[in-house]
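The following pair of complexes shares a single chain, subunit A, combined with subunit B in the former and subunit C in the latter.
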Partner chain A sequence: MTVGVTLPPPTPTLRVEDLNVSFRSRAGHVDIVRGVSFDIAKGEVFAIIGESGSGKSTAAQAIMGLLPDHARVSGGLLLGGEDIAHISARARRRLLGQRISFISQDALSALNPCTTVGYQIAEVMMVHRGTPRRQAMERAVELLALTGISAPEERVNHYPHQFSGGMRQRALIAMALALEPELLIADEPTTALDATIKAQILELLSSLRARFGMSVLLITHDMGAVARLADRLLVMYAGKAAEVGQATDVFAAPQHPYTRALLRSMPRLDRPGEALVSIPGSPPVPSNPVAGCAFHPRCEQMGEVCMRIAPEEALLRDGHRVACHFASREPTDA
Partner chain B sequence: MQVFLRQAILGILVVLSALTLTFILVRLSGDPTSIILPQDATEAQRALLREQLGLNQSLVTQFLSYLGNAVTGDFGKSYFDSESVTSIVMRHLPNTLVLAGASLAIACLFALPLGVMAAVWRDGPVDRFVQVAAVIGASMPSFWVGLLLIQVFAVGLNLFPTYGTGSAAHLALPALTLAIYAFPSLARLTRSSMLEVLPQSYVMAARAKGMPESRVISRTVLRNGMVPVLTLLALEIGNLIGGAVLTETVFAWEGIGRLAITSIQRRDFPVVQGVVAYVAVGFVIVTFLAEVAIRFVNPRLRHK
Partner chain C sequence: MHEPSGNGIPLLEIRDLSKTYFIGQGLFREPVELNAVSGVSLRLDKGQTLGIVGESGCGKSTLSRMLAGTTGATSGRILLEGQDVTNLPERQRNKALQHVQMVFQSPYSSLNPRMRIADIVREPLDVHRRDLSAKQRGERALEMLERVGIGKEMAQRMPHQLSGGQQQRVGIARALISDVRLVICDEPVSALDVSVQAQVINLLRELQTSLQVSYVFVSHDLAVVANISDLIAVMYLGKVVEYGRAQDVLQSPRHPYTQALVDSANVPDPALEKSRTPRILKGEIPKPTDPPSGCRFRTRCWMAQERCAIEQPELKQRDGSPQSVACHFV
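On to the complex of A and B.
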């Protein structure tokens, strides 16, 4: 046993502690995100996986502080160790675009149709850093080139509708990288793209992450994208974390029945001919929460306890956490 | 370019049909000689006047010569003072333009910012105020608003003259009347088109880039929401040029609208036809300019 200085664990780029988001509605408060916690280390790609309505996009918007006024957010948010949950709107505005960037799923609707793509990239530098317009536009050309857009000098003066889907997504990435943020939040960045373009965009994200040393929060329902890109992942179901862990661990030995079902529903090239299995039933509606474990009506392993008690997250090993009554009893390594 | 060509052809068609319609309609209004000549004039005298005015020719001949002259900008002379129609119209047109410009400026000054604020703070006090003001404004006919303003500001407070053309003081009340007429639709359309743009994801994206809210509203929301408002503005200008008839009459404002009314009452065919022709041309030009402006604001249309 070595005695000596124990190094404190490095400060994560983002720490999310017990994040809760609820929306006020006519029927009262509807819980969308219910007590989600995770860390994203520096340079890491962290994926949140879940079906539509699982609360994953809401969680991302809560991190950026961009939820509408009728949303109630609680929990801790630390960016590089600094509290960003309780800061003024002005301070948050300075954060966004500079330290946290965002790419959304539908690149066409995320670009202002009335201004040139180049100006929208340059704008980030002009507003945050006071960069003169000409310089900012020159930098925009460089960024477009960096994201693999050909003839960037011309493209910089084009409008979004003149770009193809993949190019728009590249332009959005260029915009997000303009000020070299610590954290890039990508909300389903490849959903609207066809398969070849999707692969290119994932490749681009992966190479840029390495180049800029930034952390990426990847929000997706696409297991393929996760397998390709993510270091660690969080499986979200009905606003809660079902399973968190190293991507390799989770893919090799998924502990939560929902994760297993998700993996089975993913097409695999290495096992052709194997039938895809869809998960029966549909996720619960947030306004009508399920008692006990939210997944129990669809779960193949469901026991009597699942209907009464919501499982706590239990730590297995290496930060592999799972919220299932049965997983915590059955040791890993299937 | 093709769009502009189509617009131009369409414009010519609009003017042509306006010319044709007025030609027919004025002739349905009756015989001008019964107004120009005293009641006891003989039938021979009337026939002579008709011949002088060219009204004895067949309708087709009249129409063709009218069209032929109109193309060269000659609308003939007034039946009453033999002044050329063009010079009469040009004497009245500046007054109408001043009135239309002033009222539109007042309307925009209030309607656009209030519409934007109503959308940004939806269901807030400004929004309520705009909604109520728009309903009240839309339900008051402009001649009545005019009379009301005269009653309060001219007669009661003695701040402005009751009627007449000329100074800025004369302009105040008719301009305000027309501004109240234009305000409701303008404010409501601004509000609704802003509300349509606000939930767009590029607005969220602009916020996610850390753009200040004022910049998000002015650069992103306003610019995208401006297209329908510009279209409406063009229509309003057209309405104000041609349609300020009631207000100009109430305030005895020597503009095109009032000229049209008096000429119709006197069956002064050339003047009526000339007024309509100029208004139609003005309307077409304004619409065309609005089309250009919209293309400038919205690049998606520019490239189609």
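On to the complex of A and C.
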């Protein structure tokens, strides 16, 4: 590491330090997130990419403090430098919505079916800010317009079932933006949407980030969406960070064999008909963890050490970190 | 009409196929008409793959069900190796369509949870190949499982003991075990993890080469369809808007909808993704019960003019395009 000008680094919007989450089960404790650390800078889109069971959604829920009581969470969580890991339920309720907001994959179940969409957006402002109802409803119309819903004056009075899937996702984004949070957590925001609607929502998220200057934590399995939106990314495998870095670096020169394999196994529209290199086996089930490096049974570079010892994260350069015994020895050509 | 390569009788020929549903609106209201599939004509040769791509409500699933014979057609014809298999009575249909099988999206719910996987794979033989002894059928099932990468030691397991990828392999083995010529794959990899998708796509390709089967591959994911298909049909609200060889459709899409669909697919290359400005369609997909007049795509089209509201564009080769396009302005 070089030490040049000694400017104190700006406080990140979110700092996650050694986050661990485990659940109690009949078989004992099952580790879902295992020592994940990352920072999200102000105005940055940070993506966590992973397959099912990788722990990406659990990590997001741990950040928001939304895990059930039987989950065991440890590690540091700092929002703008303030500890949010050890706060009361009341303080957390103030935090969520005001400073951190959340959009999920399933917009229909995230909305209350018995209340108009407009009122649900207004309610956020009424509860957190004490905004009078009329003013809050006016603001709801503005927010719907901002998220690209046509005829927002009419639409505020509609119920969720009268909205299409894409419009519901927009309404959810409007609700998430109501209090101009520092951090927006988006868990698979486009997974349930059609291709052309997904493109619309990705554009919307990108323009809103520029406009509000908020940080975004994007949780997804979609490498294409990450390439389009994210500044930096973390590749998660079996509860651990396999690789963290600038999106451009990780995609152009992936250092972890899993990232590399994932990119080669993906069908690409710009390379139709290209033979796909598949990854053998399937992702491990958390209740049945793999000894050593969790990826070793599927890894093409696997050595003897990988079966015994889980690799530590090593810093390469520019904040590019990778957890592989062979990462530094075997430079890439992807 | 676009004619794919190959002479003689195609394996599958669809002529002006339509399916209309009547959706009840309650006791005192007239049922509403829904043209799920409207005037679709396509053909597919032996050993080739026809990819059908489109968004929700485009009719791709209805079309695949009609091809598999599980849903009747309202009008039009389906010809299998020249033989008309449209709306046959059940007994004839079972015989005529024994060479057509399906692979489903959800691997788990398409397998009987109370049967061992060896028995699941053997079942098509129990129906269609009574000429073989029970022992022979059992052996063939094990061979087929081996072929899709599931070893003998797993053959006695129940579906829930397998991973999603393995379940889909069982589904493929079941589809391909009897003398099958056409497999309808309806979103076969959509429910699978990214790292497992490629395994299944590669398996389907290998089996196609060795068994010379044809696939109709239905998916919402253009990149997946692009990877496996020889021919591609793009559907929008029950109609085919573009149809031709995969490379023609993907490399120089002519229909505005296909162009938008190609644009909406993100490539895992941040430098490229962040520098390009994709064409974003306005609005949403209209309700299939109330499609726009004329060209069904016109409400979201940036090229739409008056004519599009009046006149329905025909699907045909235009202006020297190798593929067929249903747009007035190509």
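Rule of thumb we're sticking to: the second predicted complex is superposed on the first by the 322 of 334 C-alpha atoms of A that agree within 3 Å, B and C clash if a C-alpha of one lies under 4 Å from a C-alpha of the other, contacts with A are read in each partner's own complex, and residues count from 1 in each chain.
Here is the rule we go by: a residue touches a chain if its C-beta (ideal position, glycine included) is under 8 Å from a C-beta of that chain, and two chains touch if they have at least 3 such contacts.
Nothing here was measured: the structure is a model prediction, and the numbers come from that model.
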Check your understanding: Clash or fit: subunit B and subunit C on subunit A?
Key -> fit
Review point. Now for A:L262: first (subunit B), second (subunit C), both, or neither, which partner does it touch?
Key: second
Exercise for review: Using the superposition on chain A described above, determine whether A:G97 touches subunit B (first), subunit C (second), both, or neither.
Suggested key: first
Point to revise | Most subunit A residues touched (candidates subunit B, subunit C) | key: C
**Study point:** Which of subunit B and subunit C A:R228 touches, first, second, both or neither
**Key:** second
**Study point:** Touching partner for A:S278 - first (subunit B), second (subunit C), both, neither
**Key:** second
Check your understanding: Once the shared chain is lined up, is A:V156 touching subunit B (first), subunit C (second), both, or neither of them?
Key -> neither
**Study point:** Nearest-approach distance, in Å, of subunit C Cα atoms to those of subunit B in the combined model
**Key:** 6
Exercise for review: Would you tell me which residues of subunit B are touching subunit A in their complex?
Suggested key: 200-202, 204-212, 215, 219-220, 223-224, 297-300, 303
Exercise for review: Enumerate the contact residues on subunit A facing subunit C in the complex.
Suggested key: 51-52, 150, 164, 166-167, 194-200, 202-203, 221-228, 230, 247-248, 251-252, 261-263, 265-270, 272-280, 282-283, 298
Point to revise | subunit A residues within the subunit B interface of the complex | key: 64, 66, 93-98, 101-102, 104, 106, 109-115, 123-124, 127-128, 159, 161-162, 172, 175
Review point. Hey, which residues of subunit C end up touching subunit A in the complex?
Key: 55-56, 163-166, 193-199, 201-202, 220-224, 226-227, 246-247, 250, 260-274, 278, 280-281, 283-285, 300
